[in-house]
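Going by the order they are written in, the chains are A, B, C, D and E; count residues from 1 in each one.
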Amino acid sequence: MDALLLQFLNGLDKGGAYALIALGLTLVFGTLGVVNFAHGALFMLGAFCAVTFNKILTLEKVVLDPEQKTAWGTPLEIRTPYVEAWLGDFGAFLLNYSVPVSIIVAIPVMLLIGVVMERGLIKYFYKRPHADQILVTFGLAIVIQEIIKHYYGANPIPQAAPEIVSGSADIGAWFGLAGTIVYPWWRLVFFGFSVVVIGAVFAFLQFTTYGMVVRAGMRDSETVGLLGINIQKRFTVVFGLAAVVAGLAGVMYTPILPPDYHMGMDFLVLSFVVVVVGGMGSLPGAVLAGFMLGILQSFASMNEIKSIFPGIDQIIIYLVAVIILLTMPRGLMGREGVMEE
Amino acid sequence: APMSFVRGAYAEEFCNMPTGSTVTLGFNVPQSGPYADEGADELRAYQLAVKHLNGEGDGGMLNTFSSKALKGNGILGKKVEYVTGDTQTKSDAARASAKRMIEKDGAIMITGGSSSGVAVAVQGLCQENGIIFMAGLTHSNDTTGKDKKRFGFRHFFNAYMSGQALGPILAEQLGKDRTAYHLTADYTWGWTQEESIKNATENLGWNTANAVRTPLGAGDFSQYLTPVLNSGADVLILNHYGKDMVNSLTQAVQFGMREKQVNGKNFEIVVPLFSRLMAQGAGENIKGILGTTNWNWSLQDDASQAFVKSFGQEYGFPPSQAAQTCYVQTLLYADACERAGAFTPPQVIEALEGFEFDGMGNGPTLYRAADHQCFKDVLVVKGNENPTSQFDLLEVVKIVPRDQVTYDPAIFGGELGPADVKKC
Amino acid sequence: MTKLLDREPVALVVFSAVILLMPLWLTPLGANYPDLLQKFAIFAIFAMGFNILFGLTGYLSFGHAAFLGVGSYAAVWSFKLFTMNVLPAIAFGILFSGVFAFLIGYVSLRRSGIYFSILTLAFAQMCYNLAYSVLTPITNGETGLQLTLQDPRIIDRMFGPAGAGLPSTNFFGLPMSGYPGFYFCAVMLIICFFISRRIFKSPLGLTLLGIKSNQNRMNYTGFNTRPYTQTAFVISGMFAGLAGSLLAVTDPLAGAERMQWTASGEVVLMTILGGAGTLIGPMLGAWLIKYFENIFSAFNDATLEQTFSFLPEPLANAAVAISGLFVGEGWHLTLGVLFMLIVIFLPGGIMEGWRRLVRWIGGGGGGKAKTESAAVAQPAE
Amino acid sequence: MLTRTDTNELQFQGTDVSMSETGQSFFSVRDIHSYYGESYIVQGISLELNEGEILALLGRNGAGKTSTMRTIARVDDPALQRGEIYLNGESLHDKKAWQAAQLGIQLVPEDRRIIGGLTVEENLVLSQVAEPKGWELERIYEHFPRLAERRTQIGTTLSGGEQQMLAVARALAREVKLLLLDEPYEGLAPVIVQEIESIVRQIKELGITTIIVEQNAVAALKLADKAVIVDMGEVVFSGSAREVLDNEELRNEYLAI
Amino acid sequence: MVANAVLHVADVHKNFGGLRALSDVDLRVDEGETHAIIGPNGAGKSTLLNVCVGRIKPDKGHVVFDGEVLDSHTPYQINQLGVSRVFQTPEIFPDLSLLDNVMIPAFASRDGAFRLRPFRKLRLEGDVRAEAEKNLEDVGLAALKDTEAGSLSRGDKRRLELAMCLIQKPKLLLLDEPTAGMSRHDTNRTVDLLKTIKQRGMTKVIIEHDMHVVFSLADRISVLAQGRIIASGKPEEIKGNPVVQEAYLGGAH
């Protein structure tokens, strides 16, 4: 029973991540109709916002100590981080909270990246075939990746969660069953965060005319323009929003998955599957599919199930995707006519 | 007729026989994909080795190597040149790259790589083409076991040796009454390592609670980690490498496994195969975790010191185990040519088979003729609790002597195949 | 000249000449060694087949690499079980991938657009994941399926005992490595070109284009579109299977990565890069990507220094530093930039560039379209 | 039906300026040239209109009527390469479609362009997102009871005629200074044609300037003050509507009536 | 009379949600006849055609074509039985040339719903091409045969679609407002064309709001309003019918 509950928690957490990544993708893909293969790169850039922020905080003053030598005979370097040297305790506090604090940095940075990307490149591709969009965004993703690789290397760069949430929460204890359900605080934080972000995006797009205008613009931007609406601007905003959501997901995921330059590609295929299983053009669909696949994947990985179907955990997502797409023509909640050609 | 046929028209005795004043080696390393940093380090080591072979620089391990055949004038008087390629850590790409080196660049020896799949694939290719392959980083038993090849040699240790070396230390440090839970990367290397460690620990009286296979590149391992907590196991063994290991370890620590008490004992995590680059990726979480490694720059013997010195001076930081392996492999090949007095592969193979040497950083070493596996001391290491620098991540717990890890070649089967001369 | 190339025999002769003379005209580009030539031919077949599906029907399969993988595995098993002769291997490769394509296509083609793409992707990823781990007894997992000395090779054994080493693949005794291997692949490519050209210029091709343009109209026009798309899917799956088995023929090893989504993505990129829906565009795209992968990745600082040694020292250093970003480990960067440049400036891929060139030359009054690449690129239209 | 004067209409009349300060007509198009990619379609068309006038733009299929209207509405295709357009003293040729729309141009496109996936009401709400707004929804529903019934239906599943009503209604939901009607009667039953005709008359009474493209030339000319006939992207006749109705030769040659 | 009814729509009902699009529709179209359907917008005319070509399944009732009950037939099967349709919004192949647009339907009627001859050369299909050219000629688009259909003006697209249907030589041709958006000149040409077809004995159902067209072509007219047939008969009868006047034609006519 605890095992099941724990797996359910895992599923929620994973689902939160999938949903969050898919959410940004579905904005661009399901709403603007751009097959954005660079979405994973945006996720990765978010994570690297956290890395960079941390790097800046830990910039070190290097003093050479001619007395001591390294194993290869050069003088030993003595390093002290500037922030700590200048700001003392506050510096240490900043360092400790560098991941959550970097959200503040990531929002404007990702917004800027998103806007520049849309203005500079994507906007010329709204009317182009999907194939062209794939090629250009894939090219862009490679370029972004390689730039990151050039500056940060290929090795993962660990990011620590703040100390206060680095341990585990004894959830069982809240219900008088101490020690049975123990779950890392950061994962709970991540889950909560994803729910909040998803909620905020929903509120913005589902329940306001803004969302309707954007959907309309995606169907027929010319006619929407004829009604006096500057649809280009709204596309830019939506794209920027998608970049921010992807970036925030990246930032918050760093303590769970030490980021490297390739992490975007690793998530790319999965996020496309989530979006399509959810149904094109549907935000709730993408979120639902994210959680559903996350939870199913967790359960499929249980030893009891793996022993009956070896390898099921490796293919469960694709298997479920196939079953859903075959039984429901437009995924879970897809709209008719979106990307069916 | 196409021009390229002309090259074959030389009365070539064997594939890519060096005829001019130079000899070309092929360095096939991962330059993209997850192991790109490792590949970059390997390439640095190769470049250093070439320098030393050609008599430039301080000579590095040339000075400590027990065989004194190398004179710093290239190989057999021919200047060493090299070509590079990207394996992408994919067998297909690695083979394509190796083929380019053989067919286009005239490489007489191929070396490098950072995974067993690539090593086995390229080794097979080299066997078919009659080119010597000096494996880079490959830890699977298969490379010199069931997939061993006459033209392939491995300086790196393997999973079996990791198990043999690690087992007694685990028993010593963690006690004999332990229950282990394995998480294993679901492919050949993972399986051989799981098997080796399982055998070694079970022989010492440990129980195995479960051994669970995890998909390669799973990213989030939480669904495999939570069952560990309630399984009654008190040791978690992560048979993962690279990114998978960094992720699973980070997440295991997040799940509070380091602080846990099970059966009145501290819960422990073991990572049988370590590398410094991985340790860097895992950050704080690596501290105090036990594992094995092929070589570490903190070793105090002359050879290691000499190598660290020349590498550090050249690049400003110490070499990784991958770098050391690749450096040594290059020197060993060159030395074998010198001793054989020829580049002819069968003769070089003969010179390498059963070769005993010292002064390459791992103590006395043997290239066993029966399977081309090299036998030397194995390092049991631990994540350093108090690193003195950003490179000082691993602390050597024990140097396990070579006898303790030597095994009967028959247990892994395989056939070396013939050592005939091939033209290309 | 264009008119002339419209004639089938002329087109075939020109195409064959270009392909068979590749070792010659690729020499200045440093790409004239057997392995790369083989890859050029093989991936051209793969992309050409993919184009029969994507270029004609508009169905974008994101799982085509599965058929490549199946073709390879089938061929290697044929080598292991029966004979080192390549003909049965190719036959098995085509057959098995055809069957796979039939099954996957049968299911996936129930959906269109992105839903279809994801279905094919899901199937291919399942194949890949299983091949990598659970199906190791059949696929030999990560390491890839290889020949071993213990293989039964029933048919070969009937004719003589096994030699000491591993036998090589052969075409009735002619070993299939090196240049003979390339010429074998080249002949296959020429046959595939012929088939593909015929399909493009047949009523079937026009029908498939109709499906791409307006499937709804096709239904009300009396066509049962499913069997048509299914046919295109199977044909292109078989092309992929052939390509896969040729990979095994020239190099008898089949790895699971061949089925990964990145491999499927690669053929999509090749096709779009060259120009989807054109006869030879996909082939050009395949060449370009393979060229970069194999040649650009091989540059290192030493080779760059040599290249720029004619420059004065500081200039040469700068040149090495800058160009070093784009070659060697930076070859991906070059590829990414190239993708973007081509799609931004040449919507419609390389073939679009070609058309513009022709128009420009034609418009410029020169009329001298007899550049070297003229011969390469022309048969498409 | 539109005889009641409410505040809205008064406002329209309040801003009544028949000539702008520069002394030009209320709306003028001067020698416009536009292209679809490389095909040259609108080849130098000029029009002049005073406020409140109706212009009938006539010509054969493919003559370039739709292209002219689209150029005036400033959509991207066909691209305007040369020429000037002014509405009420403001230049339009350097504006984008949405800017032109905010200045009071409304195009009712020939293929209606009801937006898929949105309901009838959403389609109407959409046209009131940007300022300045025109008729209130209630008023629209009053004039088009059929749309009121279909409020929550997806717009694209309306019958052809219903879609046409929606397209006209959508334009009226915005404050219009110049209404461009591209074949508004197409596909409409005679009763509805009469209905729309009367709406167009009322629009004229409100002082809204209108350009109407219609194959049913007689019907259009009955409404119109001026008429322009285009052929092959050029103006071949420009004059009063009466002249066309009276000139049999002209009608035979370009209109086949 | 029953014997030679080519099309029989028998008691067809269709609801969309709460909306009754068709109720109790019973319609017979005789061999060789041109049957016009008129009615106000949203009356259900297009829906009726949709039921006939299998795009929509009726909730109740049947469609019988040429003695065959079209209950489980798919659109392509119905077309193969000999029913072609011109849509209200032109359905053409926008990326293909006009000639290809017309050749494709010709293949469908010659080769059936599916026939695989991948290696046959298109160039050898001279007779199909010639016929396609002739059909384009008939609708007056011969000069444009190599242009992309997507760039046609709207009236031209309609004529193209007509040509695409005519080349199939269907037994029954369903026309949904074939002359909408056509200039008077072209409308007249189209009417002439449809008249010649009539002489060839092709049965037609035509929906049209243009009364000139209706009265110059129709043998019989059915009037549909709110999903019901409210009148049916010879053109003269319909013209004089006061209910029809009220519901459809409006006072003016």
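Everything below uses one rule, namely that contacts are C-beta pairs under 8 Å (C-beta built on N, C-alpha and C of every residue); 3 or more make two chains touch, one makes a residue touch a chain.
From a predicted model like this one, the values you see are computed outputs, not experimental measurements.
Participant: More C-beta pairs touching across which pair, D-E or A-B?
Facilitator: The greater number of contacts lies at A-B.
Participant: So which chain is the furthest away from subunit D, centre to centre on CA atoms?
Facilitator: B
Participant: Could you please state the distance in Å, as a whole number, between where the Cα atoms of subunit D are centred and where those of subunit E are centred?
Facilitator: 30
Participant: Roughly how far is subunit A from subunit B, going centre to centre by Cα mean, in whole Å?
Facilitator: Centre-to-centre distance between subunit A and subunit B: 34 Å.
Participant: Subunit B to subunit E: how many Å between their CA centres?
Facilitator: Once rounded, the distance between the two centres reads 75 Å.
Participant: Distance-wise, how many Å sit between the C-alpha centres of subunit A and subunit D, to the nearest whole number?
Facilitator: The computed centroid separation for subunit A versus subunit D comes out at 47 Å.
Participant: List, in ascending order, every residue of subunit B touching at least 2 other chains.
Facilitator: In subunit B, 32, 36, 40, 186, 213, 215 touch at least two other chains.
Participant: Where in subunit E do residues touch two or more other chains at once?
Facilitator: none
Participant: Please list all residues of subunit A that touch 2 or more other chains.
Facilitator: 311, 314
Participant: Got a list of which chains touch which?
Facilitator: Touch list across chains, by label: A-B, A-C, A-D, B-C, C-E, D-E.
Participant: Quick one: which bits of subunit E touch subunit D in the complex? Just the residue numbers, please.
Facilitator: 16, 38-43, 45-46, 88-89, 151-156, 177, 180-188, 209, 211, 247-253
Participant: In their complex, what parts of subunit C are in touch with subunit B?
Facilitator: Touching subunit B from subunit C are residues 21, 23-24, 27, 30, 32-36, 39, 129, 132-134, 136, 140-144, 146, 149, 164-166, 168, 177-179, 247, 251, 253, 255, 257-258, 293-294, 297-298, 300, 302-303, 328-329, 331-332.
Participant: Where on subunit D is subunit E touching in the complex?
Facilitator: So the residues of subunit D in touch with subunit E come to 36, 39, 59-62, 66, 110-111, 146, 157-162, 164-165, 183, 186-194, 215-217, 255-257.
Participant: Show me the residue ranges of subunit A that touch subunit D in the complex, using the header's touch definition.
Facilitator: 209, 212-213, 215-216, 219-220, 222-231, 281, 335-338
Participant: Would you pull the subunit A residues touching subunit B in the complex into a rising list?
Facilitator: It is residues 2-3, 6-7, 9-11, 13-14, 17, 70-74, 76-77, 149, 153-158, 160-161, 166-168, 182-184, 186-187, 255-258, 260, 262-263, 266-267, 297-298, 301-303, 306, 311, 313-314 of subunit A that touch subunit B.
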